[in-house]
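Labels run A, B, C and D following the written order; every chain starts at residue 1.
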Amino acid sequence: MHTFPEQAEAVIALAKFCSDKGWLPATSGNLSVKAQAEPLRVAITRSGADKQRLVPADILLIDEDMQVMGDTAYKPSAETSVHIELYRKFNCGSIVHVHTVFNNLMSELYASEGQIEISGHELLKALGHWDEHARIAIPIVPNHADLDELGRAVADAAQAEVPAVLVRAHGIYAWGDTPDAARRHLEAVEFLCEYLYRLRLIGGMSDVRK
Amino acid sequence: MHTFPEQAEAVIALAKFCSDKGWLPATSGNLSVKAQAEPLRVAITRSGADKQRLVPADILLIDEDMQVMGDTAYKPSAETSVHIELYRKFNCGSIVHVHTVFNNLMSELYASEGQIEISGHELLKALGHWDEHARIAIPIVPNHADLDELGRAVADAAQAEVPAVLVRAHGIYAWGDTPDAARRHLEAVEFLCEYLYRLRLIGGMSDVRK
Amino acid sequence: MHTFPEQAEAVIALAKFCSDKGWLPATSGNLSVKAQAEPLRVAITRSGADKQRLVPADILLIDEDMQVMGDTAYKPSAETSVHIELYRKFNCGSIVHVHTVFNNLMSELYASEGQIEISGHELLKALGHWDEHARIAIPIVPNHADLDELGRAVADAAQAEVPAVLVRAHGIYAWGDTPDAARRHLEAVEFLCEYLYRLRLIGGMSDVRK
Amino acid sequence: MHTFPEQAEAVIALAKFCSDKGWLPATSGNLSVKAQAEPLRVAITRSGADKQRLVPADILLIDEDMQVMGDTAYKPSAETSVHIELYRKFNCGSIVHVHTVFNNLMSELYASEGQIEISGHELLKALGHWDEHARIAIPIVPNHADLDELGRAVADAAQAEVPAVLVRAHGIYAWGDTPDAARRHLEAVEFLCEYLYRLRLIGGMSDVRK
């Protein structure tokens, strides 16, 4: 993916996958692919686009100050600040941000703990944890109205060993070295959010697994 | 969308989206686009059509007295009265009415309150509320058998700042300036209905958020 | 639909719709269209076919004694007996039999009552009940292993005013004058089964509506 | 399916079906078709492939020692050990291994019993049990980190009369004489897992059916 058109196509393919799952309701969410590391350039969805019907013109090239490069009337998502902070911290290759019912539920139910602890589930492998006794914690941050503040909060909470952060009653940011890796991490956390919600519904995580 | 064929295609596209989601079961629901403001003309689905297989002939042009214009044997939905009342009140551009399990559940669970209060969720932005402390109320009206009465009840309850009304054990009306806006509002409320039902199921909205 | 190839296509289209919904798991279910009233001839799915991949050869023409007409190595479903009994009783035009999680749940939860009573929901209109105070009862019959006995039990329980019967921990039979009507009745009952299960889950039908 | 290209296509078709259902999240799962009985040869998905986008090169031919035959840089899934053990025990024709929320929930909820007992449900027929009073038990094994150990545990627990084994908080192995039979068994067990979870959620299997 060395050219911007190729990177834009990668963003559109990610958005198509997430949109088909119903993870980008009401034009919400934003997705990006790193176009260049030094200086940082990012291919990212524009603000307000319906993610089911993206065309190349809906993908903007921005610099590390969130300035749009090239000739377009579109604006990048206000949440681009979160993407920039995560690229700076991890130098990852792609970031996805979606809203789902189950990640919203988990972010709300565990808001006071500030994280969701998970152990003993096979899909931890998809997040890079192969040790049988692995225990991970997915951070949850408040949904700051100030988006620069949100960007810093997500980046501060983000840990290299767990490629996802939940924002309370809002959604998830997940990332990876490639668009496929970002998507794999997202899929794994979404599965776990639904699983853990339904497990707690029938008897509580504390009873069954912790 | 200046011609009726274009408006009819916009209605069909809205119906296709909602039908693919499973929101128009058993030929239920009706969808419309304003064709002209003065005097009011509306492009609306005919009564009884399967919304997954609409063709242009299934979209009727009606005037403000619900009279069909042009040569057709089809009748407009009896619930066209609700559309007319909403166009009169808001001069909006498009209205969608669908039936879903989760909006039905919420309309039933909060029937005695007459509304669902929501605050502290990101998707309020998709309904036009960007203030961090925004609190909205989606009205719930009884399911009047008399459809003129239903039209007046929905229009009376409808507020400009919240583009949706629930009808108890029946469905939702959502509207917007454009078909895309109506659909975005619908998607946001459907997400919130499922989220709030599942949140209450595991511990109650009153415990967790209010 | 005057020719058998047309009737077979109608059966395949019904099966495609139900299969896309996930209502025909594990090659279960069977669907039919009346080919001729006197003497009775029925176009019906063969036993064991994957309903997602039906071809015309998978649709058999049978007489009222369940004998296959024409040259084929395939056998009709053993549950063809239920279809024959229902065609005899109602002279309807089409019958669908599917297995879903929610109709199974309702058939089990209300097995001792022998029926599910429903009132006060808009989708009763899709079942032909337009009166605001309509109250219907969907019968539930035991899942007889003897399929002739099952056919008689379903037909005995079936009422003209409610075009569906549930079989306990098994599935649903729904019918109508046309394939579209049978499908509309099926969709309405499936919606109601999911709705009523989820309503009971959060507080009970008896608390909320009865 | 006498040639390897045909067998590879059968694996890809199985994977497409399961992936469309959402049963292969985050590149998880593995699927195989027996290519030859003596000596054993198996067509199986490579490690790490996205199952929604498989191409023939993603299907590997392996021998009974899990050695890849032919010229490829890809590695078979580490869980190939489980497939080999099951082919050895049953000489079946195809094996599917998927991860779903509902089979994970059931494997966790019944972990201490070591099995899920099921009776009185129509879909037992799809698993080969036609007797009205049939009672089956689907075994649950611990999720051993050592995959040779997992292979032996699954094969030890597996019974000829019930073509599926659950692995705790991991997923399911299902098999059959053909790819269609393996898929039918998988579909039936997935349906039953969702049904039994939802039945227990509303009142407990012990109250309602046992």
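As a working rule, contacts are C-beta pairs under 8 Å (C-beta built on N, C-alpha and C of every residue); 3 or more make two chains touch, one makes a residue touch a chain.
Note that the structure is a prediction, hence the values are computed from the model and not measured.
Chemist: Tell me whether chain A and chain B, two copies of the same sequence, contact each other through the same residue numbers or different ones, using over half shared as the line for same.
Modeler: different
Chemist: Can you work out the whole-Å distance between the CA centroids of chain A and chain D?
Modeler: Spacing between the chain centres: roughly 31 Å.
Chemist: Between chain A and chain C, what is the separation of their C-alpha centroids in Å?
Modeler: A distance of 43 Å separates the two centres.
Chemist: Touching two or more other chains, which residues of chain A qualify?
Modeler: 201
Chemist: What are all the touching pairs of chains?
Modeler: A-B, A-D, B-C, C-D
Chemist: Can you list the chain D residues touching chain C in their complex?
Modeler: Residues 21, 120-123, 126, 131-132, 180, 184-185, 187-188, 190-191, 194-195, 198-199, 201-203, 208-209.
Chemist: Any idea which chain C residues touch chain D in the complex?
Modeler: Touch list, chain C to chain D: 22, 25-28, 50, 99, 101, 104-105, 108-109, 143, 145, 167, 169-171, 197, 200-201.
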